[in-house]
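Next come two complexes built around subunit A: one with subunit B, the other with subunit C.
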Partner chain A sequence: MSAFSKNTSRTWSIQDPVITNRMHGIIGGVSSLLVFPHKDHYKDDRVEGKIKLYQVESFSWLWSRQARKLINEAMGTFISLQDAVKEVEPDDYKSVLVKKCREYRSMIQACVEDITMCRECEGDQEELTASGQLLYKMELILSLIEILFIDKKPGGMILGQLLMWIRSHFTQCIEKKNEVMESDHPHQHSAYWEAVYGSVLQGRMEDARHMLSNHPFADTDPFLSIDELLRKMPFYQVYGGVSVAEFTVRWQHWQSECERRLQEGHYSTCHQLQTVCKILCGDQKTINNLIDLMDTWYHLMVSTLLFTCPTVKLFRLHSAAQDAIACVGGEQSTTPLDHVLLAAMEADILQVIKECQQVLDNTWFTAHVTDLLCHTMGQTTDQKFLPELRESLLLDYVSVLVSHCSLWQIGILYLDHLGPSGIAMSQTVLQRLPLTDDSRAHKIIQMASDRNFDSVVVGVCRVMGRRALSQGRLGSAIWWGVRSRDAAFTSHLAHQILQKYVVEGRFESSQLLDDLGPAMLLSDTLTFLGKYREFHMMYQDGNFRDAAVLLVSLISSKLAPEYFWPVLLLDALPLLKSEEPVISAEQTYELMYCLHNLHNHASKRGKQSSLENEATCSAFLEKEIDLRLALSNNLARAIIHEGSVDN
Partner chain B sequence: CLPGSSCVLKETLRVMFVAKSLPAEHKDLIHDVAFDFYGRRMATCSSDQSVKIWDLNEDGEWVCTASWKTHCGSVWKVTWAHPEFGQIIATCSFDRTAAIWEESVSDSGHGVHSTWIKRAGLVDSRTSVMDVKFAPKIQGLQLATCSAGGVVRIYEAPDVMNLNQWSPQYEMNCKLQCSCISWNPSPSRLHSPLIAVGSDDPNPSSGGKVFIYEFSANTHKWTKVETLVTVTEPVHDLAFAPNLGRSYHLLGIATKDVRIIALKPVRQDPTQNNGSTSSLEVRQAGQFDDHGSTVWRVCWNMTGTILASSGDDGCVRLWKANYLDIWKCISTLRGETVENVSEVGTTGGPSQQSGTMAIGQHTARYFKLAPTAHPAHVPWH
Partner chain C sequence: MEVTKKYVARKIKTVRWKPPTTDYGRTDVFITGSWDDLDNVVEVWQVPETEEDPSRLHQLPHLGSVNDMQYITRDMFAAGSSNGGVKLYQHDSSNHLEEKMSWDRAHTFVGSSAPCTALATNGDQIASVGEDGNLVILNPNQKIPIRTIESVGGCSVYAVVYVRASEVVTANMQGHLKLWDLRSAQSARATLLSPDQIAVCDLASHPTQQHLVAAGGEDGALAIWDMRNTSQPFTIISAHSGPISEVRFHPGAPEHVFTCGLDGQLIHWDASASARPTHIPSFKNTRDPSGGSINVWLSSDVARGAIETVSVIPYSPLPINSVDVEGSTLIAGSDNEAIYMVRQVLLY
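== the complex of A and B ==
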């Protein structure tokens, strides 16, 4: 197991002499690294004052503005793909996947177009060019994967699709043709014949014939002869109703006709037409010589197959690819992109994904391609690694998204489809998102409750409550505390509010306290606070009788913290003094008993209590006489009143 | 560039790292840097006996918002409590104590001012306190310390609203000098709380240098359940990875090399569960001597997918596992002397120039890091 891991990593350097030789790194979040020097450099005067910390972050192309649309749209397609494959009938399975693959391709193409537009007006040209190339590569690879793995045709006939692939990605010959045909004398244009060859090599026979018909000698025998050959070339159609055997017979007949005319010297007067005919005959040397018109080995391969083996099957593609690569200079001259395409032609999925990771810096492509392939190959048994690979690569992609300040929501949507580890990551990410403001907190809570992540919701509320408390916003803190069902915390807050009331004589965020409802039952102190607010409301509404009942029950229930008793008793004073007696004799006894207790407590603690308490106590003692008087008066009135009512 | 033309064959290298620098401001060696739960606050501690708190401002720059003397000796480690308990840090020091600090924010009218108030000093140790770590929030407000004398202590604030009271709950003697401690961050019904303790005792013959303690809910005791006998060299740092749905725990260890150990709780027969602790299946997931020298620090990212290691070779390396759980180095970061790069940028590429620009400037700024090696690709799979 012990090993020096192979030289697979990239090395990056921070150019700072202080940090050389000894530095430590600490990771923050998903991918932010903080590096600090760790050696005794302080004796060296030269570096004095130059000690720095470095925060190093990976920077992805996915952060750029051009990628934003791609990320958003891909998310939509990804989600709908996951839903679709669950519901779809087995017969339609393939067509769904092909449709989704094309959606990915078209969004890449749209992204390329956006970049082309951007380049005309603004931006870092080098950056944009690189983005364009990156996207072009992705689309090129994805469309080949679609042909070879997803949109497999019955009988394994693939040349038609490969030809379309080449035509849509190598458009120079059409551009050249248009340029030539727009000139005054097309046949005198230097690129005339190149455009003809290019069209023929891509099987664009109509284009080639159109060009040839514009030649002044178009009515001569050689031109008419080649026109006939081009017109009659058979193309295999998968659903054309012609069997492979029948097509092969026709095609062989057509090619032997080409060979006959070539040998009989039909085109001896015009060597360019001779070249065209040699292409039609599948003359390898002639086709190879035209490599400059094709640029790449895969174009060469498809063009060669078109005229040598039009019924080629997937499993034969590999050797054709090797031949083509040998023609353009062998393995030495191949690039990572070539390796991807070659691996695809070898039908080696794992290799395709491996190589993709090397060509493309971003995890977008590999994640979505692996997802597509995983669903495609889902039914076959020999690709057991795919589900794990899919999950692993999608998690990598998501971890790029969630480390971005606004893309995290998209990341969460992906995680819903990634099994248990997706759920676990989703919970972690939601918990760890910085709670920059209330709206962000509400957003996170919403997303967490949609997924039944109760612990995340509670956690976010607790943190928000703590923060509100530290900023002195008690009302807001209570609200968060209640949401997080945190009894200890809300008790603490209720005490703070009550103590503030004792000092200031008014309530913080009374509106919120009045709306607590059943939530007040969370803790005793909070219940008391809520009930005490109810008492205030009743009193303000002039509902003295109910207010009195509530007040006495609050006093006798001992729910109130001790420091609050004086306040409650003093609150009773105006009620005791009211014209109509509202406090019954029995309730008066209760109040007297409380006052007695309070008096005893106060005198017992005497000097032990702090100065602050003493102040409130003495303030209370001043009023005590007043209170005792009011109590006895009320008792007398109540007894008389109750007696008269009874009678 | 014409699609399909030769530019397609040209490689583009587009993964890169950007860095921003900030002046350290400490007057002596920095021992530890700790991010808060969200990665938006940072605490640094130093041999100058002070701690500094850094906050990200609106422009994404780190600003030092507090700096104060915390101990009468080098401050070895600093760590943040979960924000659910407030803004709390703990420090430990050569002065044989650990301390708990809480932020108090006041609005003076001239902007918000933050001061850090000492809530408690933990003075039970008779030797230098080498590491301090808060427990996962699910275990309440608990704190573990370990000392050069080999004692691990666990404290708890029974009332989370009152940080002045910390009671010592447990004391375990490792018998070897301790250097580092880590809680298993994801205890659950399937995973009972674990603590890993590392020792930097220099004598290989004293046996394994990593001890795993497990908390039993039945007996309310911490028990040593495992000693990693394969790690006999001094251990300088260790860290449990956040567990995102794995059935096993991952422990990163900094010793003479980088080790990654998987600990799988073995389900016990419930009939035999008479209060005894469960056992752990230990498997080495990776061992790498890429640093070629002593490794001092290991640190996991938030998702437990990337491990950063720092070694005596002056490099910080990032490690990642592929879908087959094979760990590989994915990036290496090194410091370079400026002399290697032309200051006027005649030889350096554009990215190297921007790299040198940051030298000698005190304002934080982003710059691209220059790849030094040939950009060999990263085959993670």
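== the complex of A and C ==
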């Protein structure tokens, strides 16, 4: 059978003959599905073969070893970003945001390095390569977002930053240059002129000049001329002190000089130098012809702008991008990554985020970028959808995290910063985490109590207590009951212990009951249990008088559950029969009253009682006669004794 | 003091330094055990001389979470697992790990296995405790445990430590410390109580003064017990805001204790200020080394709680599970899937 969703139709089939035509599925966990063959009640089908239950889980790239480091580090940056934004004035946001953005980028780069190292050792090569490409794309997009949205320089002149962006992501020309310069005769190397063109296109004038100076004809006129032009090219510095207008004048003067020299035929002897000069003059055709050196339309765009319009502002970027795309091959050849970059250049945040979701199959990137953008743009009122989008994407990200056996703690930390829905999800998740052993339970309880989720603490303690009880570990069960501060559960446990005592005649976990301390007061039954144990201790120590007082108070205070009265009365028997009267007349009356009640209840319930009760009842009835005799004897003795003392 | 943090892609439950090859030597190799993952591992790491991060030398898969690891001799250590088993590994000089012996059902509940929570060793035997409440004594050469002391009452035991060659103290979730004499056939010699059913999560014994035991509790308080006077702890000092996960005395400078907890803090307790020199003029007029005849931990300053506490690691949002210190380097493992390394930890 197959299943498909609306947008991306991916299909998996389960190879099992039993399950064909009758598949049924239910949600089995945070992101797993349990699938099994469905039995139709109305048809009497014979099922051949074993019936199996399949657990279908989604696997995310986020669960690979490389991504784990990214997730953990990103958590630290995310939380410090949320805290910083709360403390700092809105005007100072920018420096914080730029810093955090760079932290994210360095994390991604560290991840890429890890992958390169891993590739040399072991691991699934295909997977590692795919991861590497994914991370490269993320870093590319993030650095562009940093330039266009977060680190906006005053004046809006972005070419300098774009040039740095291209330089750091397209390093072929540097590699070629190194290769060329290391060879014996650089100028004869096949890649020599390509390296020169590449350097010029990226604005690396120093590198280009260095290479040209190695040419044997470096002293000739054409070379000297081009060297001068390269040296004198003006570059705009944001804080350089030169105004935009003045820069424009200088630049145009420089470019007209380039054109003049070209027209005057300074480079007619060397057509490569002519190409270089044409590039400097901003000849579109020449630049387009060198597309092979640039690979992508954005490189082409930046290089074109460098030599045609260095004072380009953000709002012009879009049309320049369209031109570049047209040169490269038109709309058909654009990839999803190109769409993201294009959307960023159009300053359309929503589109950027949407396209990112198409490019990347995991939510890590979109969630963190939306968070960054939300804080950047949060002040302007025309981006009202951002906070909600941020919340929704982060919740998606967290739901992937909490479905992993190890990353749930990080998920909970993120939820602290997502408002009321985050808190609600946090509570729900903490309650549903599997409790594999004590230390995990303690950690969940610690996280829940830090966030004041009392119901979660109670819930976890109840589960652990119940489990301990079913394994016969009464000590642990009581501890969890006490920890949960849940009177109902603790009473239940205490009842279990008392009932066990009634059947077996001894306390299994006497030590823990001795030292309950103030926890005893949590529930009446537990208090009774503790006091009863105290009675045992007193009796064993020989402190009969106090023991008797305690026993009678236990009986008369009605703390004891009804099924336990026979036991208490039977405990009173040796005290009644002791040599010295330890039970006073008053107390004897109490005991008689209790016996009377018990007898009435027993006879009323006689017909309906279960087997166990019958056994205790019958044992009790045997002793009843004995008890009555002892009580009346004691009463007589006590009255006499008290009477004589009075006298 | 510099703190470095290395992300290792797994939550670390236990870190232990490999004992140095000579008594006063240095060690630059440590092992870590992970927990709560689909595939847990025991790994060997080396700390370089320079300021770089530790590098991984070897990795071995481990079934179940690694709840505790202890070195029995310089090249053998035991690891306790959450699936109830204890395994013995050899850690040779080429930093390669190999499993030598395994006791698979050391701890069991009725019908299933119980996690092993802590290990202790006296160099000869291994004492293991678990959530089933049993204390199991193992001999590295025998498949069958030498002795199993079953608890009465079924409370999980969280910590165990040797105070003498044949005496062991265990601490359980109710906060009870019990002193067991392994030579005798009877049960605990003394039961110590901690009020209010506060669980004791870890125990550490003083390296030289064997009657001194430090207990880290669920309420974040460190209790110092003197085993000669077992009616109450010598002192209880609070510092953490959540349960303490591990307590460690510095092996060379025992007036320093390190604790780490679920609140993400790693605290250095420094009692050296209360160390006073002996006024008895000895023949050579030398001063006793601190931690010697006058035990700083039993001085009145400590009893008052006048002890310096310093937070070593900057705020960590997730629990720090384990700490170990050797020489002047401290390592800690946390749930942030990171190993912290702090050099020059004793010099401020």
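Keep this in mind: the second predicted complex is superposed on the first by the 473 of 647 C-alpha atoms of A that agree within 3 Å, B and C clash if a C-alpha of one lies under 4 Å from a C-alpha of the other, contacts with A are read in each partner's own complex, and residues count from 1 in each chain.
Keep in mind that, in the parts below, a residue touches a chain if its C-beta (ideal position, glycine included) is under 8 Å from a C-beta of that chain, and two chains touch if they have at least 3 such contacts.
Quantities reported herein were computed from a predicted structural model and do not represent experimental measurements.
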Partner touching more residues of subunit A, whether subunit B or subunit C: B
Partner chain in contact with A:S644 - subunit B first, subunit C second, else both or neither: neither
Partner chain in contact with A:Q263 - subunit B first, subunit C second, else both or neither: neither
Partner chain(s) touched by A:G475 [first = subunit B, second = subunit C, both, neither]: second
Touching partner for A:S439 - first (subunit B), second (subunit C), both, neither: second
Partner chain in contact with A:S190 - subunit B first, subunit C second, else both or neither: neither
Subunit B versus subunit C as contact partner of A:R68, first or second or both or neither: second
Touched partner set for A:Q332, first subunit B, second subunit C, both or neither: neither
Those residues of subunit A which subunit B touches in one complex and subunit C touches in the other: 471-472
Residues on subunit B engaged by subunit A in the complex (per definition of touch): 1-24, 26-31, 33-35, 37-40, 42, 44, 62, 83-87, 103-105, 107, 137, 159-161, 242-246, 257, 284, 286-290, 296-297, 299-303, 305-306, 308-310, 312, 314, 316-318, 322-324, 327-341, 352, 355-356, 358-360, 368-373, 375-381
Complex contact set, residues of subunit A against subunit C: 65-66, 68-69, 72-73, 75-76, 79, 405-406, 409-410, 413, 436-440, 442-443, 446, 450, 468, 471-477, 479, 482-483, 508-512, 515-519
Residue numbers on subunit C that touch subunit A, as the complex places them: 7-11, 35-38, 65, 67, 82, 109-112, 115, 117, 131-133, 151-156, 158, 172-174, 176, 191, 193, 195-197, 199, 218, 242-243, 262-263, 317-319, 335-338
Interfacial residue positions of subunit A with respect to subunit B in the complex: 1-40, 42, 49-61, 129-130, 132-134, 136-137, 140, 169-172, 295-296, 299, 335-338, 350, 353-354, 357-359, 361-362, 385, 388-389, 391-393, 395-396, 399, 420-421, 423-425, 428-429, 432-435, 459, 462-463, 466-467, 469-472, 488-489, 491-492
